[in-house]
């Protein structure tokens, strides 16, 4: 079936630096798809380019056939693309509730979804009326993800959601993402291979602003050689 | 252990509004020992760190550095006294160069900050030292870039380099490898291992990655809802029912 | 920002908070003043005058507070809008001539309202231009904001001089609003009553917009992390322009009102009011409209009482009030955002 | 010298007062024109007018004055509008041993101890305002006065002068209110004034002496009449006179109003001004003209243009102005002049209230304290 | 490089000013430049290097000036008066700075700006209220030590007139100028040293991330207050020079908010966070203040017959153009002239 999102030979500059050297990528409909890669490889830059926070100098980005390369970030977002940035983008001055409210379409919550989010992340319920700057590092991460799933999105881009999360929470999150992935498509940037493995259907490995490997997760997970080639997984061994 | 504790907290408590983020935590740490602090998100690990390094003032309880009560000291005073701290959410001098970031830490250690009529750049001693620590964290290559331009991972490393440069007796790391790729993390871990070799040093480490915990910990302290839940050797703590339930969760190993 | 255990004083403080807290300050102030002044008639006169004065300052301050608090833009050029508003108001009043000075109350009021409307509309347009050209490049850069707006202020004042000249301009005051109501030795200028009502109206309007809609939230969020708000699908730039226009319009309105009150205006009007306006915003706390109102009323009352009791202190009183409050509450009385 | 170089040094930018300076400027040029019969020449030498803008900054004013004497070699300089700035200029005249004519600044101090023998002053001073004001109230034991002035040198000098003018008349000063310079809310002050006066016997007057702010409107609208309190204040420039419409019948003294003086200099000034600008001349137009006419006369009559000779000539010199004849007092070089006792009349069609002439207060009726003695 | 060249030239020009431009106006301009370089550089220590926005700088400037003026007025013109009065002024400035610093350097930047603003206004009120000492609005006029009066000959020639060097009489005025110039030079060099010192880099760190600076062992309040005091002292020093050169001190020339704005403009035009920038900013602004208007007069005459143009070019509206230029500068060269040439990026 037709891919949700297609990147073709995308080049991105940040200030005077040339960061992405032609990223090409296809995100199929539904499920979780993962981008792996070392620090500084260009994962975050790729995501930011998709949502228009960096502008691609060359190449095209198409969402459900529509070219969004030159669109403004807000317009891209309105197409139904949610973005969870690396720094979580929490509004510390606002309460948890206000943070969530801003992520809804019309300012009112879908009770069903809210209940589910509170189930996945109990802390959200506990701190509902507290200022978000008061949240712990991990709680901030949870809030960031909650914001992305409070509405039904078409595509959710998530940059390293497990960073600093306790194992138990990560487990919940896997469950949550499986659930969410049933109704939308998730593009996930990860460092935590196990997490990625547990969720991902397809995987792309990026290095120095280029895609160096594309394939199914199963294939990568099964093939130790590939793994050590693209992500020297020394520690785990 | 006969040794006297290098750092010790006694009934340490802080409340935010009604909610006690850290609640009556008393425990002591010894030189040459690496303690990993674990606990679910929001357990109070970072807050407890903030209390020890002085970013927050406790609602109740005391903090001792050796025999000395440092509860009333300002963060800078504690830093001078030998408590070094790296932050969970990266916290640098963004517009200054990577080198300058570290050099400032060295200079603080050398206690030359208030010198009026010397040329900072002329104090080559400081600069060399700074370079040395950048090498250790293998950041020498990017020494001249503004800190803001580093990717997340390298920024984490810079955090650690600055901590080293402060040459403290107490090292406090808050999730140093968070957001680092699997092939970058080892650099940090080796650094920590090397620090550990000096028996006069006390190391506190907040970490979620179980493999890291196993690799480094001499001792594990578990915080939960701001309270001290467990404290002991890695093996036994990890084995505790309670801990598995509230922290690791069943089958957690697969994911961490 | 650490709070200590709920010791006794703390608990008392908490109780006070529950019953409106600092909102009682004006009342306390008034009661103290009554004791010191003695004569009820004088006290009443001063208090009413103080309240009205407060409201007029509020009109000017609210705009600044909005911009300065919600958008975290420090607009030293604000006083330029006040001045411009004053002059435009004055000009319109002069044009309407007999409408305003003539005996027909209806015409009088329409005249005044027209003048205020003209000023307000101008303020909005000028605000749009100002945001586009001057402020846009310097969001979240306080230093450059101060500088560039100071520059804009200079230019604006020169333009006023260029258009209206340096000579003081007399402002015809609508017939119905001249003179005072006097009962039982208490005298109240009618114009002040009008100012009071207008101020109240503006306050209520702003309060509703900011607390009954998502606008307030959005703006505050936009200040903290513009990119994220855009990633959530909102056009931050439009948002900010809107706020800025509103703020400037309010400033101009305040200026027009003030012109009518002061009767004789010069290009320096804005800058003279400015320190007062800043004090009000600071006392009230960033971005909170309630705060600005509270601050304005405190300042208004304080000024009148002190001027009566110890005229020598009249000038310093507001400054001291501000310093005291800052030392007591570094973020002002009712900060909306602790930034 | 080949030409009569005269420097007009006053603030033309950076302050609301710049409007005053412009009046002075107009008046000064018209004065030269009138005095030279349009030839713009004295003793066959052309008059060169050098104009400089002090931006109302004393430091710049000093620099410009020094420059005018030193670089441009001006014979005589005229200025400034603000007393503070003029004050700062005085020593420069002494340093360069050239003549400085002070116009239109008013402070008494300008011809006081800190002044020097090179300084002449054609503008009125606060004492004149106040003595005239006092006379206009024709004071006696039955008169009870409270004063309202701004809390700075100008206001305090004025009130001091007013008090000394009332001395010996038996009139009582029941209270002196001083308000900050930029006061806009007079409620408290009004309460204080009323409280001080209302229970007094006899005639009760509030004497207002403020510049640049409108104290009249709030005072009038607080209805002093209910306590039989009258208001009284000196005249003012035309725009400010608009506020006086609220107090018809009020009496006071004014420095200049174009209908008051009766002499052909003034007739010419009014007619020409009307013709050229469509408005009547105002305070400082008259002042500017006066200073110009004084200077021209001095240059005409002096045997040569050495500073010393000029000083000799000017001390005690009488000269014609739109306000009639003025005379430089030999001791402190202040030009003594008439003032005008007025009564406010309101006419629709006129933008301002008309200070109708009651009588001319002759220069000789006032005894203006001598600021300094340039004779020894 | 260009910057260093320019500053070098300026220094040279100032050093030889009396001989290069003997006319009185240039003298005034040169002296004013010397004084303001110290004043503006000291302000740059705060705003540029530490990110402290203070509006009280004229207050310290004023303290130095008034101290000197009042002392001379009461003790008569003598160097001991200058030393005593100036010393007192500086002392007062330091004490005040210490108080304000300790009280309010903890609070948020913008609040600090407000507190200083009100402190400055209170000082202005005082200056006008205590008119017995300060002469109120009119200020104080006085004479200065004989050595500095134009009448004094430093070297007399045969017939007892002041000896001339390149046609410049070696009289007291010359001595006065060099007194101002040399003092200013010393103060400025001192500040150059300070910003290059370790203290300098700590200040930058504090500007960047206060909390982190504290965490690696720098007592933020201590450093802030220190630099605030240093700047205040320097400003007071400049005030002394001003008072001595002008022979007049009044609110208009040392306290008024206009001067505060001038200082701001100068710092920014030159480039914040660069001492050399201060020099360039001061020179450009001062030249503009003194000569821009002359140009405009010409412009106005040239365009006399066009519609509005002459009004706009009317020299009385020169501030308009200064303002516009300033905005454009902040807009396009946020790091000022020196900053841009020295290749420092805009401080965002």
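Here the chain labels run A, B, C, D and E in written order, and each chain numbers its own residues starting at 1.
One rule holds in what follows: a residue touches a chain if its C-beta (ideal position, glycine included) is under 8 Å from a C-beta of that chain, and two chains touch if they have at least 3 such contacts.
Each chain and its UniProt protein: A, B = ABC transporter ATP-binding protein; C, E = Branched-chain amino acid ABC transporter permease.
This is a predicted model, so every value here is computed, not measured.
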Count of contact steps on the shortest path from chain B to chain E: 1
Shortest contact path, chain D to chain E, counted in steps: 1
Any chain in contact with chain A as well as chain D: C
Chain whose Cα centroid lies at the greatest distance from that of chain B: D
Rounded Å distance between chain C and chain E, as computed from the means of their C-alpha atoms: 34
Between chain D and chain C, distance of the C-alpha-averaged centres to the nearest whole Å: 38
Mean-CA-position distance for chain B and chain A (Å): 29
Chain A and chain C, separation of their C-alpha mean positions in angstrom: 45
Chain C: positions in contact with at least two other chains: 161, 312, 315, 339
Residues within chain D bordering two or more other chains: 13, 18, 151, 180
For chain B, residues contacting two or more additional chains: 16
Residue ranges of chain B touching chain E (in the complex, touch as defined): 53, 55, 74-77, 79-80, 85, 87, 91-96, 100, 103-105, 107-109, 112-121, 123, 162, 166
Residues of chain D defined as touching chain E within the complex: 12-14, 18, 53, 56-60, 62-63, 66-67, 70-71, 83-85, 87-88, 90-91, 95, 107, 109, 114, 151-154, 156, 180-181
Complex interface listing, chain B residues touching chain A: 16, 38-43, 45-47, 88-89, 149-154, 175, 178-186, 189, 208, 210-212, 215, 246-249, 251-252, 254-256
Residue numbers on chain C that touch chain D, as the complex places them: 39, 42, 45-46, 49-50, 53, 161, 165-170, 173, 178-180, 182, 187, 189, 261-264, 266-268, 272, 303-308, 311-312, 314-315
Residues on chain C engaged by chain E in the complex (per definition of touch): 74, 134, 137-138, 140-144, 146-148, 150-155, 157-159, 161-162, 275, 278-279, 282, 312, 315-316, 319, 322-323, 326-327, 330-331, 339
